[in-house]
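Each chain gets a letter, A, B, C and D, in the order it is written, and its residues are counted from 1.
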Amino acid sequence: MALSVLYFARLREALGMAQEDIALNPKLATVAELLEYLRGRGGPWQETLASARLFRVAVNQEMADPATPLKDGDEVALFPPVTGG
Amino acid sequence: MALSVLYFARLREALGMAQEDIALNPKLATVAELLEYLRGRGGPWQETLASARLFRVAVNQEMADPATPLKDGDEVALFPPVTGG
Amino acid sequence: MTVRIQEADFDLSQEIANLRQARPQIGAIAAFIGLVRDVNAGEAVSELTLEHYPAMTQKALEAIVAEVKQRWQLDDALVIHRIGRLLPTDQIVLVAVASSHRGAAFQACEFIMDFLKTQAPFWKKEQTPAGAHWVEARDSDALSAARWSDKK
Amino acid sequence: MTVRIQEADFDLSQEIANLRQARPQIGAIAAFIGLVRDVNAGEAVSELTLEHYPAMTQKALEAIVAEVKQRWQLDDALVIHRIGRLLPTDQIVLVAVASSHRGAAFQACEFIMDFLKTQAPFWKKEQTPAGAHWVEARDSDALSAARWSDKK
């Protein structure tokens, strides 16, 4: 029962991490709850994830929002607003 | 004291003429008066120039309208609505 | 700003390379390519002849390009229009606009095409199984051009 | 409909030729080319690195292309986006849309760019005299994408 969480670009560098597995529990049922958990780590986590303007979330490679539910095996990606093209 | 009048595309074929010189006179002071004179020739002239939808007029290579004045040496072109591109 | 009327075909990559040449500040290029279709208004087309009014064509296209330069901030613009005898799948026209901003490039490119289609003295004659005939101007082209008088 | 993510450069003429291949009914191609500028937000740029989210990029671009197919009548559409290390004047992205009608081609091409700029997981890192930094997303891109929810 785990999520695979990926970090890209500025977030990857700020958090010093490209990927981690996070064990699921009843308090991690939505994207909002996962973000709350990550911010709880303090330091760069709190800072980087402070404002919704600073990052985007995708669940299973599709853009997600705070209400998006999470389940075992989901791939959650956190990344800055995109700048391709 | 003359105009050079050019005919293009469908008009050239319908009128059987690519170019002619028309002597200026006080009754040919505007595009509208020139058109009236040409329609007066009857046959294909009247038919081809019957409706403003069927043709366009340029004077000295710029789009003109019925009120555009004419003077000695002007190049007047009559042609169908354009279809390039 | 370049306007060319020619019988010869053109190479897209080469033309865009020329447009960009020595301008490393260009971030966006919008381009339009018009092609001879093998069918028009339900009829098979075997050949297209493009007639124009030589003394006016260059002048008309340059006036359109001058207008887009005034409306938008552009690095450069290119218009190439072919004349003479063309076959299905042949290239007819290339419009390319270079800018720092993609919005300006897209709008200027579409503006040039809308006014080329209504103001530049070119006429198409199609060869079909039923014989040769002049292509009719379309009301939709006049409407497209009219849009630009409402907005910048 | 083709979506390609690649490190390699692309040749415009060749890509458009592939898009058109065996489709003599195509009358209009609208294209956009994005380029690495040598300056951005007033700073000299010596190099650009494009990172992406491989599992999502293709999927996101295919979703955008599927959306334009539904909104407009198109013959085909092509998106090529480069990743990795790029230099000023390098090509970054090509979007090309083929249709019978130029209005549909222009709109679909601009729609793809607007949504690519806001939905496709690419990130640019610039090398400047002051060091390397991630490019900031621009509000104008979000506004450009938002336009499409008001109109067809």
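Here are a few things to note about the model shown:
FYI, a contact is a pair of C-beta atoms (placed from the backbone, for glycine too) under 8 Å apart; a residue touches a chain by one contact, two chains touch by 3 or more.
Treat the numbers as computed from the prediction; the structure is a model and nothing was measured.
Listing every chain that touches subunit B and subunit C alike gives an empty result. With every chain reduced to the mean of its CA atoms, the largest distance from subunit D is reached by B.
The centroid of the Cα atoms in subunit A and the matching centroid in subunit C are 48 Å apart. A separation of 22 Å divides the Cα centre of subunit C from that of subunit D. Centre to centre, using the average C-alpha position, subunit A and subunit D are separated by 26 Å.
Subunit A and subunit B, compared by their mean Cα positions, are separated by 71 Å. For subunit A, the set of residues touching two or more other chains reads 85.
Annotation for subunit D: residues 34, 102, 113 touch two or more other chains. Each chain pair that touches appears in this list: A-D, B-C, C-D.
Taken in their complex, subunit C has these residues touching subunit D: 11-14, 16, 20, 24-39, 88-89, 100, 102-103, 105-106, 109-110, 113, 140, 144. The touching residues of subunit C, counted against subunit B in their complex, run 34, 50-53, 55-56, 59-60, 81, 92-93, 113, 116-125, 134-137.
Considering their complex, residues 6, 8-10, 58, 61-63, 75, 77, 79-85 of subunit A touch subunit D.
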